[in-house]
Amino acid sequence: MTRTLGRIALVLGLPAILLVTWWFASAGSTSFYQPPLETIVKVFPDTWTAARFKSDVVPSLIRLFIGYGLALVVGIGLGVLIGANRRLRSLLEPILEFLRAIPPPVLVPILILIAGIGNPTKVLVIVVGGVWPVLLNTVEGVRGVDDVLSDTCRSYKIHGWLRIRTFILRAASPQIVVGARQALSICIIMMVIGELLGATDGLGYTVVEFQRGFQIPEMWSGVFVLGLLGVLLSLAFTLVERRVLNWYHGARAAERSGH
Amino acid sequence: MLEISSLRKTYGGQGREVEAIGNITLTVADGQFACVVGPSGCGKTTLLRCLGGLLTPTSGEVRVNGQVVTGPPDGLAIVFQEYGRSLFPWLRVGENIELPLKSKGLPRAERQQIVTDSLKAVGLADAGKAYPWQLSGGMQQRVAIARAIAFQPKVMLMDEPFAAVDAQTRADLEDLVRTVWKRFGMTMLFVTHDIDEAVYLGQRVVMLSSSPTHVMENLDIDLPDDRDQLKTRSDARFVELRTHVYARIQEAKGANGQSPVPTAP
Amino acid sequence: MTTSPPILRRAGDNPALLGLVGLLGFGALLEILPRVGVLPAEYFPPTSKIVSALVDEFGRAGFWRAVAGTVTTWLIGLTIAVVAGIVLGIVIGSIPALRLATASTIEFLRPIPSVALLPLAIVLFSAPVRSILLLVVYASFWQVLIQVLHGVTDVDPVARETAASYRLGRWRQARYLVWPTTLPYAMTGIRLAAAVALVLTITGELLIGGTKGIGEEINVAQSSIAVPSMYALIVVAGLIGLLANLATRRAERIVLAWHPSVRRELPL
Amino acid sequence: MLRTRLIALLAVTALAASTAACGGSDDSSNNNSSSGSPDKVKVGVIPIVDVAPIYLGKAKGFFTKQNIDLTLEQAQGGAAIVPAVVSGQYQFGFSNVVSLLLGASKNVPIKVVANGNNATADPAKDFSGLIVKDPAITRPKDLEGKTVAANTLKNIVATTVNELVRKDGGDPSKVKYVEVAFPDQAAALDAGRVQAVFLVEPFVSSVQPKGWKQIGSFAAVSPNMMIADYFTSAQLLGEKADLAKRFTAALKESLAYADAHPDEVRQIVTTYTTIKADAAAAMTLPKYNPEIDKASLELLNGLMVKDGLLTAPVDTSKLLQ
């Protein structure tokens, strides 16, 4: 029993101390732009009502998941194509290396100019940000597949879609997951930027709206929600990753313990 | 039925031609258990990869069950030396064995049946649900053999399959291969650098020279059919045959004076 | 078409040449498509227009001040993040109790998108540069900290015992044992941090403005709908990113010259 | 012993660094001046025609006369200026009345010190314009369900457009607003990203050649309506009441001078915006009343309650000195 108590203390210890110090440090704060933590917490329930969730949080999330999904599909699709073909890879590598280096936010103004500020642009902005880490890590993963396995596939006549599905994609999955995690954090940033640069709904828009309306505690609560979104998505990602890569972690553990 | 006629394989590398296989002509009759042995680095693996359609020979021809080999031929299965790397780590043992059957287009029920039988045949009846990396080296190689059996090949190629396994496990696996061969009756080509293993297992031992490789001698093993580690290995005839092969290999290694040129895999 | 098959075949085996062919092909493609009308030339100017816009930009003093502005903000933010990341990483990493106590906090703060802090940054810091630096430091700090923590916890226990058996003091242990093992991880952290820092620098310039930088130049170009120069600025941002990647990889090779190239970037 | 203290020190700095990141102290550069040397004063403004008087007053030396060394800082909209004034980075700022009333309703510590500018008397010829491109939109009522560009959300533009739609028998809650900076609004309307823009000079003249239609303006809500004011933080008013008094006096003088010399206004505008002299000549100038128009305050107060921006009217005396 004490062991689990100990573990809980460790997990909640520091966060509790930090929150408490912030609570008291900001308690007496008269500064308009740094309201007491207490007011922020008090304002939370009636700011983030079910209606607000439906009108702003849900649109943001839908755009994020569609954009992130597309980034994965396009990134992995092209990645497998390029990774498997040596000549295609050396043909495209310099271009990809350059396009990857472009900081995604730079593309937002041009995308707004071209496609306007509707939802399609917001999704496009997210895809453009997220596709690069996925694409390049997939190419890396596909390139690094074990050639003994590749020979096994050839001799046992496993090819076509079966080969891609059960060999190439699975063998490259640890590296693809690295790319997918990087893409997730970039996509969240791009989601917010897309909403800050001219939007009529969404999380980023709401935070700007609060700021323009001098609703500072609500603005802080909006920042909390954005932060929480990042944390929850990262947690969800870890759970999915643990399931998708349990074979990988098992194999590495076996290998490391000299099995 | 395996027919190799004047097979030659060179590795071209910026003007430096490395002749892995000089000229090999060899025939293995249906159902025969042939072992191939030779000094290390004499292109045994290159020969096997040409037979398996994984490497295209520079000249000469390979026929499996009467058809010329241009790519991996039908009815042929290979068991690789690096058992760990030839099994899919993300598939459970049962799934590893089942995968080639899927590409053959067999219906589900039949596939499940073959998987269970193959596992029983290699003594891993209840390991179907485990992941390969949860098993020992020996057991992983058994899974690779089970996968080969499940493929129901007419010809099975084994590329030094027990080189990376400890001695005791190797003895069990040798006996397993013989039982499998007897039971399923496929043509077996067993490549090894271990002379004792070649004589113990094979109905015939093919001795290769060092590179440029050619067949030095075909030796028929007239030991009794049912062999076991104790009796056969202490049998005088076994020792006689083994010494003969050892002498010829030593002679091949020393004959052309230069140390064997390392061949690219 | 200029590239006939023989060239492709001869270039086939030499990747560098093939890469060049790829680049030229990409440029040529972007030249032809708008001219032929497949892409609306108004929003997709042909490459030649972009190049000439680029040349004009190079001629403008304001442009170089902007590049200098972006690079300085990026470097300042990166340096703060790297120093803080390494120091905190080693301190937290080498004291197991601290490591356990801070694990949950780190895991909570790390995924918070730094751009969420934007509204706070604008309000907390009146000087725009400070707000942008807050974003840059916050985003890149975690990249370094996490990798350094991995490095410190990856110190081979056997090595640690031998060091203890020779009664190496904690400070000397840090210097001769912890640091060499952590360095490769730190370098990975720095490489990742450099890329993220650049993204946030330009994001800050775009959204907060008020500082000399590529982001601001793009805002100005967007207002006057100077599309070719917008593309030129995007190309410049890409080049800065490319140079940053090459520079950090180069630094990595120099710093880790002694280290066997075996360095795993942990797929976390 | 030294080592353990060193580690402890590092741990403390780490903790301090993290809380500092949350707290964050800004660097209010409040440079207090001795009576002799002039007060260094920074004012946050938006690069539009509304602030021409303060630029003119600086050029004419009205501020130096009041012993004030004036610097004018440009920002996108009121929303960025208010925080800077509250934090002390700017001593004074320029903002539209609606944002100021909204701030007062949320107890933002700000006080109005002088009038900024007013709409003209003629609704058809004002310094502002609600402009549309689509010929199908002929009157404010047609904006229902459409998207209108405003330089900042929740400011006087939305209040004005809502009132125009309401007066035309339409339902203002059906109009959507998106934040687009003045210089980008023309491109947004051109590309069809928004169906209407609300511009002030010099931008109204710069889009003239496009031949788009104007269906409303500030003046259409109420002639000579007060649009914007200059304000300061309550803290500065408390500590330096004398400076505020001198600043207001110089500003009133500038407003009167600007209202009397339209051609000098047109000339000065070309110095702080990108407008060319010929377009500046065609500009319609706002009215620059020296006095604060309390009637407009109450009018806008009421409209904000109608729009739901305020739950109850603001006690404007809190905003005025």
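As written, the chains take the letters A, B, C and D, and residue 1 is the first residue of each chain.
Methods note: a contact is a pair of C-beta atoms (placed from the backbone, for glycine too) under 8 Å apart; a residue touches a chain by one contact, two chains touch by 3 or more.
Chain labels with UniProt names: A, C = ABC transporter permease; B = ABC transporter ATP-binding protein; D = ABC transporter substrate-binding protein.
This one's a predicted model, so the numbers in the text were calculated from it and none came from an experiment.
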| item | value |
| --- | --- |
| Touching chain C (ABC transporter permease) and also chain D, the following chains | A |
| Chain separated most widely from chain A (ABC transporter permease), comparing mean CA positions | B |
| Pair with more cross-chain C-beta pairs in contact, given A-D and A-C | A-C |
| Distance-to-centre winner among chains (Cα means, whole assembly as reference) | A |
| Where chain A (ABC transporter permease) and chain D are represented by their mean Cα positions, the distance between them in whole Å | 38 |
| Centre-to-centre distance between chain C (ABC transporter permease) and chain A (ABC transporter permease) (centres being mean Cα positions), rounded to whole Å | 17 |
| Euclidean distance of C-alpha centroids - chain B vs chain C (ABC transporter permease), Å | 51 |
| Where chain A (ABC transporter permease) and chain B are represented by their mean Cα positions, the distance between them in whole Å | 48 |
| Of all residues in chain C (ABC transporter permease), the ones touching two or more other chains | 120, 122-124, 222, 225 |
| Multi-partner residues of chain D (each touching 2 or more other chains) | 24, 83, 87, 187 |
| Residue list for chain B, restricted to those that touch at least two other chains | none |
| Arrangement of touching chains [line / ring / star / complete / other] | other |
| Contact pairs between chains, per stated definition | A-B, A-C, A-D, C-D |
| Contacting residues of chain A (ABC transporter permease) [partner chain D, same complex] | 18, 21-22, 25-26, 32-34, 112-113, 116-118, 198-200, 208-209, 211-216 |
| Chain C (ABC transporter permease) - residues contacting chain A (ABC transporter permease), complex | 12, 15-16, 18-23, 25-26, 43, 100-105, 108, 110-120, 122-124, 195, 198-199, 201-203, 206-207, 214-215, 218-219, 222, 225, 227, 230-231, 233-234, 237-242, 244-245, 265, 267-268 |
| Complex interface listing, chain A (ABC transporter permease) residues touching chain C (ABC transporter permease) | 10-15, 18, 33-34, 87, 90-95, 97-110, 112-114, 174-175, 177-178, 181, 185-186, 188-189, 192-193, 196-197, 207-208, 210-211, 216, 219-220, 222-223, 226-227, 229-231, 233-234, 245, 248 |
| Parts of chain B lying in touch with chain A (ABC transporter permease), wherever the complex brings them together | 49, 52-54, 71-72, 74, 76-78, 80, 82, 85-86, 88-91, 99-100, 102-104, 131, 133-134, 136, 147, 151 |
| Chain C (ABC transporter permease) contact footprint on chain D (complex, rising order) | 3, 7, 10-11, 14, 17, 21, 24, 26-28, 75-76, 80, 83-84, 87-89, 181, 183-184, 187, 274 |
